[in-house]
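For reference, the structures are reproduced in the following blocks.
Next come two complexes, and both contain chain A; in the first it sits with chain B, in the second with chain C.
Moving on, here comes the complex of A and B:
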């Protein structure tokens, strides 16, 4: 049994203009201590998926399908049960470290709070352990710094503190939603390195969300590409990058090569991301796809395994082209 | 912190001086004088009285004489209440106003914050809309309208509470409530907006992600940032309560400082009006200073800067 099993996940929001789906038919699995990178443009449903797993979607969100952690169904579970899982088995690091910490509480207290909540530590024990956690994430002089307030730390340090807080209770799964987007380029690498090494050390499974394929492929064993709330392609990182099967993945990779190649005009994917209130019929990518087939606009492609000769790897794609071959 | 306090206290001196000067000259511009009456006094008696109160001196000289007294803490004799010093009148009536004002302030804080938090946590529900409509009426209805209505209901019809006077706890209820209502309403709206803002903040989501329940997250993480704007409103609230009490004490016949202010102004009791204005001015300045200190102490970001 996998640690996390997501199947047929659907997240939608009712509005005056009708219901619109931000995540549709999403299914994937994640093993113990494994890592999965989720990539996609803004509005592709990456963050909504993460919040759905945490059970922290806004109150007006409608969630369907199934999310199982260790076999335990999370969708429809009571808040009381979810509160006991969050911070203990499930943890999350958010995008903006500048606003994710409470400015009116010392960072030591903020870390200690999780320990008191889930591990029944006394305030003293929690304070001591907070210092160790700060040390572990690379904050110097943790004894003194734990009594400081968030505004006395840099962005990178704050993200370290948030990582310490997330890993405090030894969660089974850590979700990091664009943890370095708000940070300086020079700091990004160090934070990612810290995340990877700590997850490896503690055997924590990692879901890393980013729009940067290069970062994801370096950090995660598996990769999932999302578009318009749907899964486009999923498989081992190297496979997806070297043999992209979905035209969208291929297009994303071309933009990446261009960024690093540097010569000439930048490659862009023509067109706009889909309007979720009025999604295109069939495959959400078909209006921008360079290899579009007649029935792409009518029929939603099913996710099916990519089969190559002598191949046992689990590589999945949702594209009509794959069926043709 | 100490330097900050001293600086603020020093900057209060010119403010107070301005207040003193403005009132001193304004009240003398008003037609009539303290010793005018329907009976015409013989001119030499009138002149005698004016001489004994130094009212015959040039205006600037009077002002200088008054300032000298104020510096020594002497507000001079009342022109209307013979043989009474203004300081005595203030010392005698302020405790009454203080009790009324404090009760109203506590009521406003308790009621306003509770209503605001309740409304924010049940945003867009029926109770939220009902509370906020009530708050809007609370802000809009002037206290001289509300007071007679409350008296009519609770004193005349139901006969539960006295219609006026100052005897025992029951006589505090109606005036304190009337005085508190608009402030409570304002604080409720302030608290609601502030808490809604905090509820949408990233750090509250972090708190939930840690496994705190919604109510735990609200109590431990949202209360302090929610209450900061309320605390900084306490300065203006004090000023509003003081001005409100002037009307309320008159309506409910409460022997407080506000009533002396009104009768003092009507009688052209120059020294009494001046005394009350300076006293109230100092009180408001002190309250604002206290609020600023409290705010600075509560917000770690401003605490470190000082």
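Moving on, here comes the complex of A and C:
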């Protein structure tokens, strides 16, 4: 059994103009201590997927399908049970560390609160452990700094504090949603290195979400590419990057590589990301796809294993083209 | 006509804050050559946006000068402001908030045409002809004119913002992180548009960015800023292939690159 099993996940929002699906037919698994990178543009459904796993979707969201952690179904579970899981088994690091921290509370208190709540520590024990956690995430002079407030730290340091808080109770799964997007590149590199080494040391499974394939490629063993609320391609990172099978993945990689070399006009993916209020029929990528087939606009491609002779790697793609070959 | 369109010398800007002042720019100077792109790269707090604002006349430096087409920027008289708006325009990072949400795209685009005209208001037919030109120039469909910003995507809004900046045919365009808020697949489209417009209109561009990735394709000259000062400057190609300053080297080394294992 995998640590996390997501099956046929669907997230939608009812509005005055009808029901909008933001995640559709999403299935994937994640093993203990493994890592998965979810890549996608805005509106791809990557953050909605993270929030669905955490049980943090807004009250008006409609969730279907199944999310199992260690075999336990999370969809439809009570807030009381979810509250016990969050922090203890599941933890999340958000994009904007400033708004994820309480501005009126010292950072030591904020980390200590998690420990008291989930591990029944006394205030003194929690304070001591908070300092250790701050030290572990690379905050200098943790004894003194634990008494400081969030605004007294830099953006990178705040993200370190959030990571300390997320790992405080030794969760099985850590979800980091664009943890470095708000940071400078030199700081981004350090934070990613910290995340990777801590997850490895503690055996925590990691779901890293980013719009930047380059960030994910060095961090995660597996990759999932999302577009328009659907999974386009999933497999071992090196396989997906070296042998991209979905035209969207291939086009994204061309754009990225072109950005770092070459001359003249940049390779582009024509068109705009899909409007969720009025999604295209069939495959969501078909209006922008360079290899579009007649039935791409009518029929949603099922996710199928990529067929290669003598191949046991689990590489999946949702594209009619693969079926034709 | 001189080849230098924007000349900045010995700029110093500081912000007041509790318990003293914060020096945002010190001793910054450069020349932007006609038809070229000068990129300014730096991380948050490096002073790059302050520099953009000072060049656009949106803030007054304590010391130093900014000359646009040989004339020092003066912000006192309406006549000076109009002259400046005709020759220098700015494109901001967030395309949605840089457009008025309660105005149609056509109205937003017509505003700069009316504002620089003073008393000589152009005829309605003239305005609508120019609007159609502008919309086509940035690669949008004409029916966008009657829509509102919230009906457009981020990439489309940025195209509108570019069209609006170009309305009065300025010589100098200041772009402050024009693609940072856009998706990767749309970033390349907007960069290509800027490259194309620059060639067609002989624009001189001051391009502010926080990463070196987008700058590679567009910059002729490059300035690297750190803590309010210029740490390295020169031809972009040379700096990107052989960075001399340790800070530039670190910036280049920190860029996330595709890791194929």
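Everything that follows uses one rule, which is that the second predicted complex is superposed on the first by the 324 of 325 C-alpha atoms of A that agree within 3 Å, B and C clash if a C-alpha of one lies under 4 Å from a C-alpha of the other, contacts with A are read in each partner's own complex, and residues count from 1 in each chain.
The rule is short, and it goes like this: contacts are C-beta pairs under 8 Å (C-beta built on N, C-alpha and C of every residue); 3 or more make two chains touch, one makes a residue touch a chain.
Note that the structure is predicted; figures quoted are calculated from it, not measured.
Both complexes share chain A, so when I overlay them there, do chain B and chain C fit or clash?
fit
In the overlay, answer first, second, both or neither for which of chain B and chain C A:196 touches.
In the superposition, A:196 contacts neither chain B nor chain C.
Quick one: classify A:104 as touching chain B (first), chain C (second), both or neither.
first
With both complexes overlaid on chain A, does A:117 touch chain B (first), chain C (second), both or neither?
first
Which holds for A:147: it touches chain B only (first), chain C only (second), both, or neither?
neither
Is A:162 touching anything from chain B or chain C once the two structures are fitted on A? First, second, both or neither.
first
After superposition on the shared chain, which partner residues are touched by A:256: those of chain B (first), chain C (second), both, or neither?
Touch partner of A:256: chain C, not chain B.
After the superposition on A, what does A:188 contact: first (chain B), second (chain C), both or neither?
second
Which partner, chain B or chain C, is in contact with more residues of chain A?
Partner touching more chain A residues in the overlay: C.
For the combined three-chain view, what is the angle at the C-alpha centre of chain A formed with the C-alpha centres of chain B and chain C, to the nearest 10°?
Reported to the nearest 10, the angle reads 70 degrees.
With both complexes overlaid on chain A, what's the closest CA-to-CA approach of chain B to chain C, in Å?
In the combined three-chain model, chain B comes within 6 Å of chain C at the C-alpha level.
Once the two structures are superposed, pull the chain A residues common to the chain B and chain C interfaces.
Common to the two interfaces on chain A: nothing.
Contact residues on chain A for chain C in the complex?
Residues 41-42, 155, 184-189, 192, 211-215, 217-218, 237-238, 241-242, 251-253, 255-263, 265-270, 272-273, 275, 288 of chain A touch chain C in their complex.
Report the residues of chain A in contact with chain B in the complex, numbered from low to high.
54, 56, 79-80, 83-88, 91-92, 94, 96, 99-105, 113-114, 117-118, 149, 151-152, 162, 165-166
Which bits of chain C are touching chain A when the two form their complex?
43-44, 153-156, 183-186, 188-189, 191-192, 195-196, 210-211, 213-214, 216-217, 250-251, 254-261
Per the contact definition, I'd like the list of chain B residues that touch chain A in the complex.
These residues of chain B touch chain A: 201-203, 205-214, 220-221, 224-225, 298-301, 304.
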